[in-house]
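In the two complexes that follow, subunit A is the common piece, with subunit B as its partner first and subunit C second.
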Partner chain A sequence: MTATLLSRDQQHRERARTRRRRMVSSEHFAGWAFVTPGVAIILLFGAVPIVWSAVMSFQRSNLLSSSTPFVGVANYQRMVHDPIVAQAIRHTLIYTALFVPGTMIVGLFLAVAMNRKIRLLWLYRTAAYATMAISTISEAIVFIWLFDPSYGIVNYALSLIGVPAQQFLNSPSEALYVIVLMTIWGWTGFAVVIYLAALQGVPQMLLEAASIDGAGPWRTFRRVTLPLLSPASLFLAVWLTINALQLFDEVYLSTQGGPLNGTTVLVYYLYTQAFQNFNFGYASAIAYFLFLIIIVVTVIQFRVGRRFTHYRS
Partner chain B sequence: MARHRLYVTLAGLLCAATLVLSACGTDSSSGGGGSGKGTTVQIWEGYTAAEAKAFAHLIAEYEQQNPGQKVSSLYVNNDDTLQKVLTAVRGGSPPDIAYLYGSWAPNVAQIPQVVNLSTVVKKPGVTWNDFWVGERDVATVNGKVIGIPALVDNLAVVYNKTLFAKAGLAPPSPDWTWAQFQADAKKLTKASSKQFGTAYVTPGTEDTVWHWEALLWEAGGQILTASNKKAAFDSQAGLASLNSLRTMAVTDHSMYLDPTDQAYTNLFNSGKVGMLVTGPWDLSSFTSVKYGVQIMPSYPGTGGGHQTISGPDNWVVFNNGSAKVSAAEKFILWLTAPAQVKYFALQTGELPTRQSVANASGFSQQVDTALPGASAFVQNLANVKQARPQIPQYPKISQVLGNMVVSVLLGKSQPQAALSSAAQQVNQILAGS
Partner chain C sequence: MTAIQAPVRGGGATPTGTAPPRRRRRLPFSPWHLVLIPATIVLILPFVWLLITSLETPAEALHFPPVLTPHVLRFANYPDAFSTAPFGRFFMNSTIVAVGTVLCNLVLCSLAGYAFARFRFLGRTALFVVIMATLMVPFQVTMIPQFIITKWLGVHVLAAVGINHLGALILPNAATAFGIFFLRQFFRTLPVEYEESARVDGASRLTVLFRIVLPLATPALATLTALTFLDSWNNFLWPLIAITSTSQMTLPLGLATFQGAHATEWTLLMAGNVMSLAPMMVIFFVAQRFFIRSVAATGLAGT
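Up next is the complex of A and B:
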């Protein structure tokens, strides 16, 4: 209020003085002191490798010898002519397109089923979240045996309904889908937790109003609950997509990219280029290409998602 | 669910580098290594369980015998050692000695800090020729000795004695052939009880490839030409070896195909697989079945005879100044001397890296008590007659060969077509760099 009475010049001086005071005020200093170690660690272990690999993507580097000549965009050009990169992009996109909606649908279904007063609710909720807590390696081993062509229970179940035995992980065309199922199972717990939290935030009032207006349960779900869950859905879609595009663990632990490159996804391919073929420059270029894909996809998701997302004020 | 594994790895690499930097910083300031007194040798190894215990015992013995010499060992998962060594080298402070896979040797040879041991191994008392020829081949890149053999193994046939008896088959004899192997596998296969004659791993990695390479050599073939300039496996021998695999996997269905590299040991240990071509490292997990070990069968009339393939690993010395290097050389020569090799083999069931130890009277019985069946693998070391091509392009070639073998096993290509296509790709790789 007093500021309005002061001249512009005085205002300037006043502001500068407060700024200076703020800088040295002990509270401010303490804040920075607390944050600095964290920031330093993030810069060292986050920013430095990011910048380093960017530089490496323009070099021919095997990390072995000390000569790392700059090769311009040769590593990026090489990607265009590499048939396995094309395959890996296709596998990554197919995987993402199936995994993200799959996890969200299964997660939403389970969350809705668990969002009511039923007996042993704690047990179901724990079971759903346990999929998150179980290590990826145990998950992979269990799925390897479930889908074993000769001894697996899945082929046994299929034989009961007259479907011939499938090759699953031994088939270049089926293996990727087994990995989709494996990872949907592994991530369901995460989606359930997010959706359960969001469901708790749906006001009872609106649901009652809908039912008084004569809407059935399905209609209430579609017209009231689902729109109110949209911020959670957008978050899940973005988060799961970023993770799906970086799929690595499950492939590494089960098929190692095989059979016949049937499960080679981008991150797995760049891993083989870097740590088996010692093409660190080329691997860095693939990593940056993946980074570009992730940015583009995420921006699209936010743009499109905003149109369908309702934030309650 | 750490999908950010790569970033974690990168972070870990840097972390390791910083740790090593600081560790070595204190080392050199307190060590004052110039006089040779109080030198600490840092060694990176991947031993666990019985091996770790035996290794610690040996270090203690060495330190006792050599007052003032210290050996500090650091456990590193063998699969990750090269990545970590590379980062440490970049940070200017590699370990003094590291355990590195033999398959990395051509790439390791490009690291400027790797010490050339060519003159060291000629010193009196080392008797370099006492190491198996397969080991020496892998430790030598372009005439330069880049490491001392740390481990040696090979492939032989491990078979289930009970299943052989049940099928009315005689146990395999030392002069058996691949035709007999195929016939036995067929008889050991029972669709009703889901029992297979044999198994093969199909991720298409080097594990897929080296099993086939042994067959190729036995059929009288070669992977590359003598100068390593062109593919040589697209031959009669190549065809014979792939046909053997195809017959079992596609025609007879007597071969369990393991897409993950993890299932076959469990299946053998559950009595579901009759024969496995595998190495001594698997023996300790076969606790529930009665097994025997026989050398690999041959292709009669090809001149290849009975062969096997070996995957030796090396102790590689890095240059951290002359005092450190001489201390490291002294320790590593002691560690790989016959007495220590014998001790380690008997404690762990690992194959002796020296011929004099293997051939000493009574050793076979002793090693069989440590690990039943291990003596057959020891004798099989004599059948290691060649090594994989020692060239930096080998990892890329291995990927092509892996796809070739898998495509035949899965019935996706005919052997001849697979050979021709793979040979063309390998020639391109060899011409490319």
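Up next is the complex of A and C:
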């Protein structure tokens, strides 16, 4: 359009230039006008706090005094020597190491079982999906009741097969594993959905080819299906890990980090430091440490995952 | 490639395929039922037990071995729970926050996502990079300053978005980096010709967005709606920090507080739990396809 205008005489060319300048400047204006409301919110509640809490992690900041003196790396030093932080890291990693593979295996198994035309399929799928509709709080309350040491139905089931009653959430050595179980249950629906979607993308042709080549169902699964699912597996591993490292709701509700700090995970400890003791500076340092762990673990997963992940073009 | 070769090679190998194992007597039903039925029982047992307990008498609930089938269905637990804690209020608060958050996100993320997709303006790339960076940072890093900012806003700007107001639960999530990114990606897949011809016909940029682009983007908007709604409805940590008065609590927070106060009244607790769970269950099952597709979309976007 501009080309034809420019080929005309001087006057036309001049007019076209001003018009284009107006167009471009109006695009700048429109761009900023469209972007500003949303971006302002994200900057105010997302970007500014990132910098702010970084600064705060080098300050002594609490609600008791209005002054926030810089204390260098004191908060980070305190963290290194805090025995509860060490425990929290251990619990967080144990939890993640059990929860992530556990959820993936359960999800994969159920998705493979449901990825066929059989009777009652709607019932099976609905049961799995239902776990997605339940909030972490509702889930935790139900599981506290299921695993109640005195009246819980799980202890009843154990008594039927001759196992003595367990303390579960009241036991420092068992509580974390009960939380692993309840969260695996809560995430089953999500894992099934992701794997079912991925399974539906596996071309039937490849499976038939493998079976014609003489591969049994197990070999076909190992050598054909599983590699084709690897992008979904990598996504789930990363996604579940990020969520696992941020475990909070279930701990807050079922054990409050107890008994004897047996379920104190990083985010729970951070929460108590920030909003029960109001040590904003120290809590910020822990938050940044958590961020670092998440970055490191995610990068490792992508590095390792890339070697085992097959993307179809 | 192998797929093309395989049938040719396999053609000669078919005789080996008819091996003796085929002789095994077939079950009258698919063997997968043998694993799916127990798995399904385990999956729905918590729901069933929740429902049963909510209909028992306190004496039945606190009985060992557990009473698996209550003698009388005690529906009175529900009104009892309702009179101990304002579940109606919690439900309304949750609805206001979830619907408000969804609407804000649809409008603000559409605007910003469209500008990032189509307009060239000064600072576009830098701004976009900053927004994407916030996407990677966990909430725990930002929650303390977010609390301070919200508190300040409530005191100095507008009480309705301050601590202990529902606005404090909507405003910080009124636009999300994910929403902007997600819609931008979708808008970029749309053919630009419609928009250009509408502009030539004299439509304003806003008209183009609302009359031409957004109708074409319905699937993406639906996905964003489902995901934002679920997130908002189930959010716990931020309401826990931002809300202390009972009248402003959302369902998860109200339920958690109720649990703290009535930890041993299991029948009441389960009735309250059923009441807070049921609406979401109904929505979920009515719009099941919709939710499933949206959740699967996050996975496919990641792969």
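Going forward, the second predicted complex is superposed on the first by the 276 of 313 C-alpha atoms of A that agree within 3 Å, B and C clash if a C-alpha of one lies under 4 Å from a C-alpha of the other, contacts with A are read in each partner's own complex, and residues count from 1 in each chain.
One rule holds for everything that comes next: contacts are C-beta pairs under 8 Å (C-beta built on N, C-alpha and C of every residue); 3 or more make two chains touch, one makes a residue touch a chain.
Quantities reported herein were computed from a predicted structural model and do not represent experimental measurements.
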Fit or clash for subunit B plus subunit C once both are placed on subunit A? clash
Identify the partner contact of A:108: answer first if only subunit B is touched, second if only subunit C is, both if each is, neither if none is. neither
Which partner chains sit in contact with A:175 here, subunit B, subunit C, both or neither? Use first/second/both/neither. first
Name the contact category of A:98: first (subunit B only), second (subunit C only), both, or neither. neither
For A:31, using the defined touch cut-off, is the partner it touches subunit B, subunit C, both, or neither? Pick first, second, both or neither. second
With the two structures laid over each other on chain A, which partner does A:132 touch: subunit B (first), subunit C (second), both, or neither? both
Under the stated touch criterion, which partner chain does A:261 make contact with: subunit B (first), subunit C (second), both, or neither? first
Report for A:277: first if it touches subunit B alone, second if subunit C alone, otherwise both or neither. first
Contacts for A:56 in the overlay, against subunit B (first) and subunit C (second): which applies, first, second, both or neither? second
With the two structures laid over each other on chain A, which partner does A:151 touch: subunit B (first), subunit C (second), both, or neither? both
Between subunit B and subunit C, point out the one touching more subunit A residues. C
Identify the residues of subunit A that lie in both the subunit B contact region and the subunit C contact region. 44-46, 48-49, 53, 132, 136, 141, 145, 148, 150-151, 190, 246, 248-249, 252, 267, 270-271, 275, 287
In their shared complex, subunit B is touched by residues of subunit A numbered 44-46, 48-49, 53, 62-66, 132, 136, 141, 144-145, 148-151, 167, 169-172, 175, 186-187, 190, 243, 246-249, 252, 254-261, 267, 270-272, 275-278, 287
Sort out for me which residues of subunit A touch subunit C in the complex. 27-32, 34-35, 37-39, 41-50, 52-53, 56, 109-110, 113-114, 116, 118-120, 123-124, 126-139, 141-143, 145-146, 148, 150-153, 155-156, 159, 185, 188, 190, 193-194, 196-198, 203, 205-206, 208-214, 231-232, 234-236, 238-239, 242, 245-246, 248-249, 252-253, 267, 270-271, 274-275, 280, 283-284, 287-288, 290-291, 294-295, 311
List the residues on subunit C that touch subunit A in their complex, please. 2-3, 6-7, 9-11, 13-14, 16-17, 29-30, 32-33, 35-36, 39-40, 43-47, 49-50, 53, 61-66, 108-109, 111-112, 114-116, 119-122, 124, 127, 130-131, 133-134, 136-149, 171-177, 180, 205, 209, 230, 233-234, 236-237, 240-241, 251-253, 255-256, 259, 266, 269-270, 273, 276-277, 280-281, 283-285, 288, 291-292, 295-296, 299-300, 302-303
Which of the residues in subunit B end up touching subunit A in this complex? 1-7, 10-11, 14-15, 82-83, 86, 90, 107-108, 110-112, 194, 196, 202-205, 256-257, 259-263, 267, 272, 392, 395-396, 399, 402-403, 406-407, 410, 412
